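In structure tokens below, several structures.
Each of the two complexes below includes subunit A, the first together with subunit B, the second together with subunit C.
Now for the complex of A and B:
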């Protein structure tokens, strides 16, 4: 199934920030997909502490990631598995959104979806609640978590299991209430939750010490609990974070090898 | 080790003309009458499966497309047609995102074929065969996912019907005609949105509406030749095989009864039959895509969607030869 999804969606998408499907062939009765050669990924870069990167580098990576994600969304495709491991680097430093094994077309309103998508640490709250209907906002949440991880250089919301993921997420970002997210309490798992207050701006400043005010706005926009209020890809791309100094680095000049 | 390495390169063609289909069938079907009879039985079988598994019409439509596409390049009767049909349905589920467990589909498939004792071994062997055929089906479609992905006849009947301000009764009638249309080869010839337009025209005229000619096909990314091709295909089906149609037994309330005569009147009013331009005999014979029998013995078979890749390949072969 994942091979089908991979081909189905990559076949129609061509964008500098989305991995390219070059060829499909059968050889000796095996199906072979030829994908663009991308030597490393963002997870490797984050984990390799000998690689130093700057806020401008992070900005460049976020910009490329969001361009790729926006291209998916405007073609009515949900990626459903965004994480550093699936953001690959081309030899010239371009980030490419890869692994469309869980992707699907944006569904019709009556279609029921599985909430068992996205790697746990990058899973949006509506998925943690088991929502049967969701939108491209789930991908934006994942990008928000990746952004936080880039600033901290450790995973931002590392839940041990699905229950713990809710705990970790809401402890860090506050438990959503009906006021901020109407009818969130109607999810069956909501009643068992510990109620945490949302972090104050000061707490966020202390946690993300190098982040500018616009960078925090940008992160908070992507990590808004209510998916309807969460920023979409266009709002992210148009955010002041990308307009303020420093400008995004030239991808080809960022050193991603130790 | 063989000293040569065989490879084939195909440019995907998701739709073929009727003559191209006939030519491709020459390689795969020896008894066309038998194929057609089996196809109708398979259509009923797939419909039953879809009803019991609560699949929407698009799942059936895609399975029917796959079944017919498979037999363009794979010999009919080398596989049990019901096994092929089950493969088409499992693949169709994946294509249109109506996911069901293969176990459930295969068990029901065996049940509907009156296999009495279904044990684990029978089921596993059946599933294995079903999965093997899936790859053949995909290959017969050149791994081209551009069709059957977003556009489906029943959905576009409603969408276009609404856009043209047609009422519920007309759209429902069209939706019922769309079921009969799946019994034809039209899905291999004409894109689904054009078929939807042709069906809407038939429903419109069956309800005694006039002035269809004022509808502009270009608004729906279609053209007169494509819509006419589907329109006459469906009318001819009702005229020549009226007994096979389901429409006669399922007319919506308030729709006058349908008969062969009724469809003959529509055809008469439509004027001379015309549709897509057919290819010449010479072009047919010179087209390896449909004339070469696909034995699947070629070691490497590549499928591309862009002519640029073929041209690039061709240029590189030529330059290598010159060197």
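Now for the complex of A and C:
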């Protein structure tokens, strides 16, 4: 089933920031996909403390990631499993969105979906609440968490389990209220929640010391609780963060191996 | 893919907004800045469609489609004729036997193949609907089945043997999970027969599984017609049109319209069948053609054009950008042609299907003709002829 999904969606996408499906063949009753060879991934790079990277490098990676994600979304495809481990590097430093085993078409308004998608730490609040319908906004949330992780170099919202994930998420970013996200309290799991205030700008500045004001806007845009108000891929790509200095690094010059 | 390279916008200038949800939402906001780089080009929905496997692999001009069918048929004919010749050489046939072979053992013509495929494609629809599968799954089943027989001849693979396989694969591809065993049970088939040709099917489909069906454009037009003709259409009436068009679209999937036209064009054609006046009025309001200076169509479009088929509909550009307006008369002509194609496709009668299936059987199994002849000569009675069961 996941192989079928992978084939189905990769066939439709040719983009510098999406992994390339080169060939498919059948052997020993298995469907084999030949994919572009990508030597490393973002998770490895984040964890390797011997690699230093700059804000300009992060900007280049975010730009490539968002271009890949935008390409998925404009082709009506939800990725549903964005995380550093699924952002692979080509030898020339290009980021490639990979692993479409959980992907699906962007649903029509009435379709009922499973909320059991996306690796826990990168799961958007609507998924944590068990929403039966969601949109491409869940992918943007994941990108937001990845951005925070790149700046901190440790996972930003590392929940121990599904319940703890809500705790960790809302402690860091504030518990959503009906005012910011109408009817959020109607989710069944909402009542048990501890109500945390959203972080003040100063708290965010302290947490993300190196981040510029535009970088914080960019992050907050992606980590907006209400999926209706969360930035979409276009808003992210058009954000001032990408327009201010420093310009994104040339991907081929970023050192990603120790 | 060189001609459809995605243009990556310069980061400093940012990407331009696009209408992501066709027809459903208001056009996205225009670019904030005007200092576009010289190679600036916006990717339209049409560009994206040209990227899709449906367009790249399964859209043709009339000539290309014909050529493809002739090719598939002639390859099969050659191998069948060779087999027949071998059969005649290998067996010591008496005069009557040679006669009956010459009279009855002929490979199918391209037209016969096509009729048979479409006959079974209809069966695919009936079976899939009988299994209560969602509309999109039914549509994909039909599409898979018909595409399979663009690549393969019914003289090599019996259409019957692939019916359940296509429906099963469509379920998987459309995210409608059902295990092969429970599917086999429901479809009164066996696991083995369903699985047998699954890879062959995938391979013939060139591993392109994503189908763009006209149902989504139908929903889009349903909303947009109400928007453009606000206050001039009755909601209940539109609802009826919507339901009827949905059925017509499924019917259109059984015709060659799917290979020659884009999904929104097919949708408009079915709408045209339902209410020509409504669609004409809608298109004229949507794309007013009273402009004196008609913008040249992009060259890509011209290349794609071939006697009216495979013309791209630049509808979304029309919404966002007044400069590239669409000639509603020209668009109407394309949709008219599509409509005629949908309407002229007549279903094959069961008798004709049986006749073609029998012919298909005999050309592959000439020995059965001989045996039949022998039985006839032995019995020499007027026992009722056993027909090929379909």
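Throughout what follows, the second predicted complex is superposed on the first by the 256 of 258 C-alpha atoms of A that agree within 3 Å, B and C clash if a C-alpha of one lies under 4 Å from a C-alpha of the other, contacts with A are read in each partner's own complex, and residues count from 1 in each chain.
As a working rule, a contact is a pair of C-beta atoms (placed from the backbone, for glycine too) under 8 Å apart; a residue touches a chain by one contact, two chains touch by 3 or more.
All figures in this text were calculated on a predicted structure; none of them were measured in a lab.
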Looking at the overlay on subunit A, is there a clash between subunit B and subunit C, or do the two fit? clash
Of subunit B and subunit C, the partner touching more residues of subunit A is C
If you stack the two complexes on chain A, which partner ends up touching A:195: first (subunit B), second (subunit C), both, or neither? neither
One more residue to check, A:8. First (subunit B), second (subunit C), both or neither? both
Per the contact definition in the header, classify A:238: touching subunit B only (first), subunit C only (second), both, or neither. second
Thinking of the overlay built on chain A, is A:28 touched by subunit B (first), by subunit C (second), by both, or by neither? first
Between subunit B and subunit C, whom does A:163 touch in the aligned arrangement: first, second, both, or neither? neither
Pick out the stretch of subunit C that clashes with subunit B after the overlay, from 242-250, 296-304 or 314-322. 242-250
State which residues of subunit A lie in both footprints, the one left by subunit B and the one left by subunit C. 1, 4, 7-8, 11-12, 24, 26, 31, 104-105
List the residues on subunit B that touch subunit A in their complex, please. 94-95, 97, 99, 135, 138-139, 143-146, 149-150, 296, 299-305, 309
Which residues, counting only subunit A, touch subunit B once they are in their complex? 1, 4, 7-8, 11-12, 23-29, 31, 76, 104-105, 107, 111
Subunit A touches which residues of subunit C in the complex? 1, 4, 6, 8-9, 11-12, 14-15, 17-18, 20, 28, 32, 43, 48, 51-53, 172-173, 175, 177, 199, 202-203, 207-210, 216, 219
Which bits of subunit A are touching subunit C when the two form their complex? 1, 4-5, 7-9, 11-16, 24, 26, 31, 63, 67, 70-71, 73-75, 104-105, 108, 232, 234, 237-238, 242-243, 247-248
